[in-house]
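Note that the chains take the letters A, B, C, D and E in the order they are written out, and that residue 1 is the start of every chain.
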Amino acid sequence: QDAVTLQLKWVTQAQFAGYYVAKDKGFYTEEGLDVTIKPGGPDVAPVQVLLGGGADVMVDWLPSALAAREQGAAIVNIAQPFKSSGMQLTCLKESGVATPADFAGKTLGVWFGGNEYPFLNWMSKLGLSTDGGDGVTVLKQGFNVDPLLQKQAACISTMTYNEYWQVIDAGITPEQLVNFNYTTEGVATLEDGLYAMEDKLADPAFEEKMVKFVRASMKGWKYAEENPDEAAMIVLENDDTGAQTEAHQKRMMGEIAKLTAGSNGALDVADFDATVAALMGGGSDPVISKVPEGAWTSAVTDKALN
Amino acid sequence: MKAVVPILTVLAVIVALWYAAAVWMNAPWERDQAARAGTAITFAQLLPLTMVQERPVLPAPHQVAVGLWEGLAGQAITSKRSLVYHGWVTLSATLLGFAIGTTAGVLLAVGIVHNRAMDLSVMPWAIASQTIPILAIAPMIIVVLNSVGVSGLLPKAIISAYLSFFPVVVGMVKGLRSPDAMQLDLLRTYNASRAATFWKLRLPASMPYLFTSLKVGIAAALVGAIVGELPTGAVAGLGARLLQGSYYGQTVQIWAALFTAAFAAAALVALIGAVQRVTLRRMGMAR
Amino acid sequence: MMKDRLNMAGPVIEARGLGLTFQTGDGPVHALKDVNLTIGRGDFVSFIGPSGCGKTTFLRAIAALEQPTEGTLTVNGMTPEQARKSRAYGYVFQAAGLYPWRTIAGNVRLPLEIMGFSKVEQEARVNNVLQLVDLEGFGKKFPWQLSGGMQQRASIARALAFDADILLMDEPFGALDEIVRDRLNEELLKLWARTGKTIGFVTHSIPEAVYLSTRIVVMSPRPGRITDVIDSPLPKERPLDIRDSAEFIAIAHRVREGLRAGHSYEV
Amino acid sequence: MIWLVFAFGFWAAAWALNVRLAASSLMRSRAGRLAVPAIFGITLLVVWEGVVRGLAVPGVILPPPTAIAARIAAEVPTLWLDFVQTFVKGALSGYIMGCGAAVLVAIAIDRSPFLQRGLLPVGNFVAALPIVGIAPILVMWFGFDWHSKAAVVVVMVFFPVLVNTVAGLAASEVMQRDLMATYSASYWQTLWKLRLPAAMPFIFNGLKIATTLALIGAIVAEFFGSPIRGMGFRISTEVGRLGLDMVWAEITVAALAGSAFYGLVALIERGVTFWHPSQRH
Amino acid sequence: MMKDRLNMAGPVIEARGLGLTFQTGDGPVHALKDVNLTIGRGDFVSFIGPSGCGKTTFLRAIAALEQPTEGTLTVNGMTPEQARKSRAYGYVFQAAGLYPWRTIAGNVRLPLEIMGFSKVEQEARVNNVLQLVDLEGFGKKFPWQLSGGMQQRASIARALAFDADILLMDEPFGALDEIVRDRLNEELLKLWARTGKTIGFVTHSIPEAVYLSTRIVVMSPRPGRITDVIDSPLPKERPLDIRDSAEFIAIAHRVREGLRAGHSYEV
């Protein structure tokens, strides 16, 4: 059995259901793989772990992966299970935000640590500066939705599958909220993809391992899409902290299924180019300065899916 | 024993203040909710609501108590929802880190006391090392150790050791230097070797300092273990509980984990205190 | 314990043109200057002089705890350092300085452990000296369980335990009241008579110096010099009431005069 | 390999030099005493550089000191902005408030043995609450700007200073207090003329410990929500961007600022407690 | 400072059946038992007795620093507590106990600040008493820059500065050498003769007690009792060599005998 270590971008939750399902249902074992799944968290930079040799493959967002690649980290997208973006900006209606034109002068909560690129890109498209003044005041949002509930920010970043529901659960009704979806605003970027080291991929044996891994993972994803409740329970069992709740994970799985629905695992080049274009158009301070070369490969998915 | 009444009194006052603060801090949310619903709310209606919020700004004491009770006693201790289980995960890293940190601290102190070059060069840098924000380098330590194949308990323990060695160094240097000139001169008149001076004078004389710094050190080790749990992917342990709690806005869970950590620290410190009393009494240094 | 028993005939301690200067923040302090003194085997020499005149410093130089800056100092014909290495002396500090984590017996045993006596020998000697200073039965107590006077005696026992030829005592009885002091003076004299040790003894008390010594060294301060060396004509056997004899009073008077001369005030 | 050999060769040479320096008469001069730790520090940096280059450690895991130095030089305005936000606004204000409050509370409870017996154990318990748990709560309470950082610092420094001050206020000797009693001095006269001066060595012990705590507290609190400036903010975002040289640049600033802060308090201590034996060797 | 100058005729200090018991971990310690003593205005009373006999305790009880458990104690006809509040005494502790963060002048000035003397008055008094104890020119030094003897004198100056009627001194000269001690004894006598203060004085030295006092109180330990009160027939004018007079020696002998009786040994 070949050992593979997967580094997640965040803590154990239904966002990564496909991998847990594949492990739990024995899809990996069928491929002859022994997969270890390492949860992430706000203090984990998956690229660092990958470069440090702590993992063979990781889940990351394309913007931060491309930024890392420009920093000299030779990582390559080998598969893209997520088709659509789940990121949005959620605002309290009472704060007076109805359209993006109302952002000026408001405080907006943003995730940093590699997740800030789509937002910065959007703001530069809107022509809003992000260092206060006549633009917007940016708040580095912590782990949760408190800034909105405590009215420290007019809007905060949420994922359709997670934080948005936390706001709802806290007792705020959808009618009291305004959502700005990144896809609708035309600034969506590719989210959870699978990445590996370029030099390791040059080794056919490793590539073969990745092929098996992607094939089994996609099987897991499709199973999860079809059996969301079971998938959620599998995730729950794998949560070592015991902090997740069943209701929340089931709902999250339902939302995640919408994002993975359009993907068979292969990267859609048009989506990739759209993300790159968005990142390069970031005004005076673009996220990446030149079109990335070799940042993705279809070699793995080609073999895995045929 | 005569401390019991004062402590209980102080606790009672704190709990009372805490309840008052809980009402005060949780009330705006209820008022906002009422306003959003377009209704008015009286204080009498509001009061009970502030005691039972799902995501309170400040949970009421009984909410924390219930959270603690469920976490500690309401689960099988092997359950992932048990605070005993998570407490043990953190505690094992704490103890290992404390052992490493104490050993390193004592050895460094011995070196500093016996070697002037070490004295002059190490001390300022030991101080500087403690001004480095541990949360910033903890992920790097984990990654670096990971890349050389070390994972699991040890990386956490090393972060915990990083925090606990410093008080031990400072205390032990002070302790090993605490013999006065006359006590040292006495051994010189016997032409005692450095080793004899160490074992028969410096080490016994340093015991009170050692225990004091061990108390500080073990509390620091616990904090280190918790910090070390965050960048390991928050798999298990009190740090993971804290993090997950804040991620999902489960205020009560944060507070329960927080209190468990503080109880653990208090228990560890008390344990060292007990060892200290026994040792010092044996040595005739406590009266 | 092979001590150097050569030079039985020669002087035990010999200082020639001895000087010792401390370098301090505000300039050098001349603690000793041009000190010449010869102490023979079996002498009981007292040092007396105003505060700060260098008595302690001189004793410490003999014990190689300070380094003279001028002149020569020999102990048993060796340098003080060599003598220290050969464990030639027992030193009683002004304060008892017992290690608080050791029992009384443990404290007395300390030098024996360090010098590698056998366990049996250690036990025997500890019992022996504790008896000598009237502390049998207190071996298992810790220092703080004893009165100041008892602690002082334990520290004397500690210095006697390994039976060094030379005994250096720095105001050993300073903290005791007159009656206890008298008693210990008698005991010390008896011990000295019995063992024939060479003793250097610092005191502030003129009667004590006269009562105990074969020679009294009077010192004066800034810089510390020897102003008078008085050989005592008193017999070796000295009952306490010898202090009322005319001879005694005469010597005491001479010491007092010497001291007063040294006190060219201000204190 | 060459780098490794060079690094360890340098280490050995510098250590030998330090051993000689430490034994030499140069140690009486201030410059001599500064030279030894400086040489040691330089040695650490050279070994670091050598190891990173020798083992070809990727820059995104551990950058070499030269890269960090270059980044510091290039980013002075940003570093300054972060320093002001975190150190001046967060750490310093919290330090002053926390230490001030601790001393006042210590004086207040000093009058009541009842409060002392009750409050100190509870205080020790509160002091054991891990900062990583408290910080998110305080950020929720006090907002994401520097106020919450100052609050975290207040919580962190309060108890070490309180405990030390209480111990210090008890530190005057019986005889010194009896003297005041024979003058029939009032409580405030005794406090002002005897107990506060006598407590100073202890208070400064607490104040020194508090310096490093203050800086760490302010930085760590920024991990849990902050405006887009500050040392903690920069560190956490740059880790995500793999800007490790910038991370280390901030760490360097933190270490320098922390050591300087510590040094400053130690210097004031020297002035205030000039009379204490530990200051006179 | 309006001190209570009533009762000029009555006794200054009067103890009747005074007892003081300390409650300690291993049972009560009877520090004083059935102490009866009357001290009149202008008396110079010395207390002498073996270590632990309660001398310090008695002095502290007079100064209201300890609370008697039996009997009555009055000072100037008031309770000790009231007397303390009216700032009736200066107390010299056994150790100098100077505040290290104050200069010598600052230390002497301390009681004056507390009692609210004017700045001018403070300066004048500080200079005055520093001169009295031979420390002019040292006002700006810190305690540790002075020898032990000088510190001791500074603490005496501090007690004299505010001119209390009663002076309580607990072994004030214990740490001094004989010559300095003699000199300070003379000075103290002069001061006493000049000011007519009432002085309570604890010492371990028999000659000192005899030389200084109008009355000598001999105490014995466990429990502390007064075994002898000796009224001195010596004249008020006492040159140092009065100590060689037969009268002096006789009193000293009586004190010594009293002391020895108290020492029912072991030490």
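In the analysis below, a residue touches a chain if its C-beta (ideal position, glycine included) is under 8 Å from a C-beta of that chain, and two chains touch if they have at least 3 such contacts.
Computed from a predicted structure; not experimentally measured.
Listed by label, the chains touching chain A and chain E alike are D. Across the assembly, the mean Cα position most removed from that of chain C is the one of A.
Centre-to-centre separation of chain B and chain E, using mean CA positions: 53 Å.
Annotation: 49 Å between the Cα-based centres of chain C and chain D.
Annotation: 35 Å between the Cα-based centres of chain A and chain B.
Chain centres here are Cα means. That of chain A falls 38 Å from that of chain D.
The set of chain B residues touching two or more other chains comprises 57, 135, 139-140, 143-144, 147, 230, 246. Chain E has no residue in contact with two or more other chains.
Shown for chain D are the residues that touch two or more other chains, namely 61, 136, 140, 223-224, 236, 239. Pairs of chains meeting the touch criterion are A-B, A-D, B-C, B-D, C-E, D-E. Against chain C, the residues of chain B that register as touching in their complex are 182-183, 185-192, 196, 200-201, 204-205, 207, 283-285, 287. Those residues of chain D that touch chain A in the shared complex are 58-61, 136, 139-140, 143-144, 222-228, 233, 236-237, 239-243. The residues of chain B lying in touch with chain A in their complex are 29, 32-33, 36, 54-55, 57, 79-82, 86, 135, 138-140, 143-144, 146-147, 151, 230-236, 240-241, 243-250, 253.
Across the complex, chain B is touched by residues 60, 63-65, 84-87, 89-91, 93, 95, 97, 99-103, 110-111, 113-115, 142-144, 162 of chain C. Listing the residues of chain B that touch chain D in their complex gives 2-3, 5-11, 14, 25, 57-58, 115-117, 119-125, 127-137, 139-140, 143-144, 147, 219, 222-223, 226-227, 230, 238-239, 242, 246, 251, 254, 257-258, 261-262, 265-266, 269.
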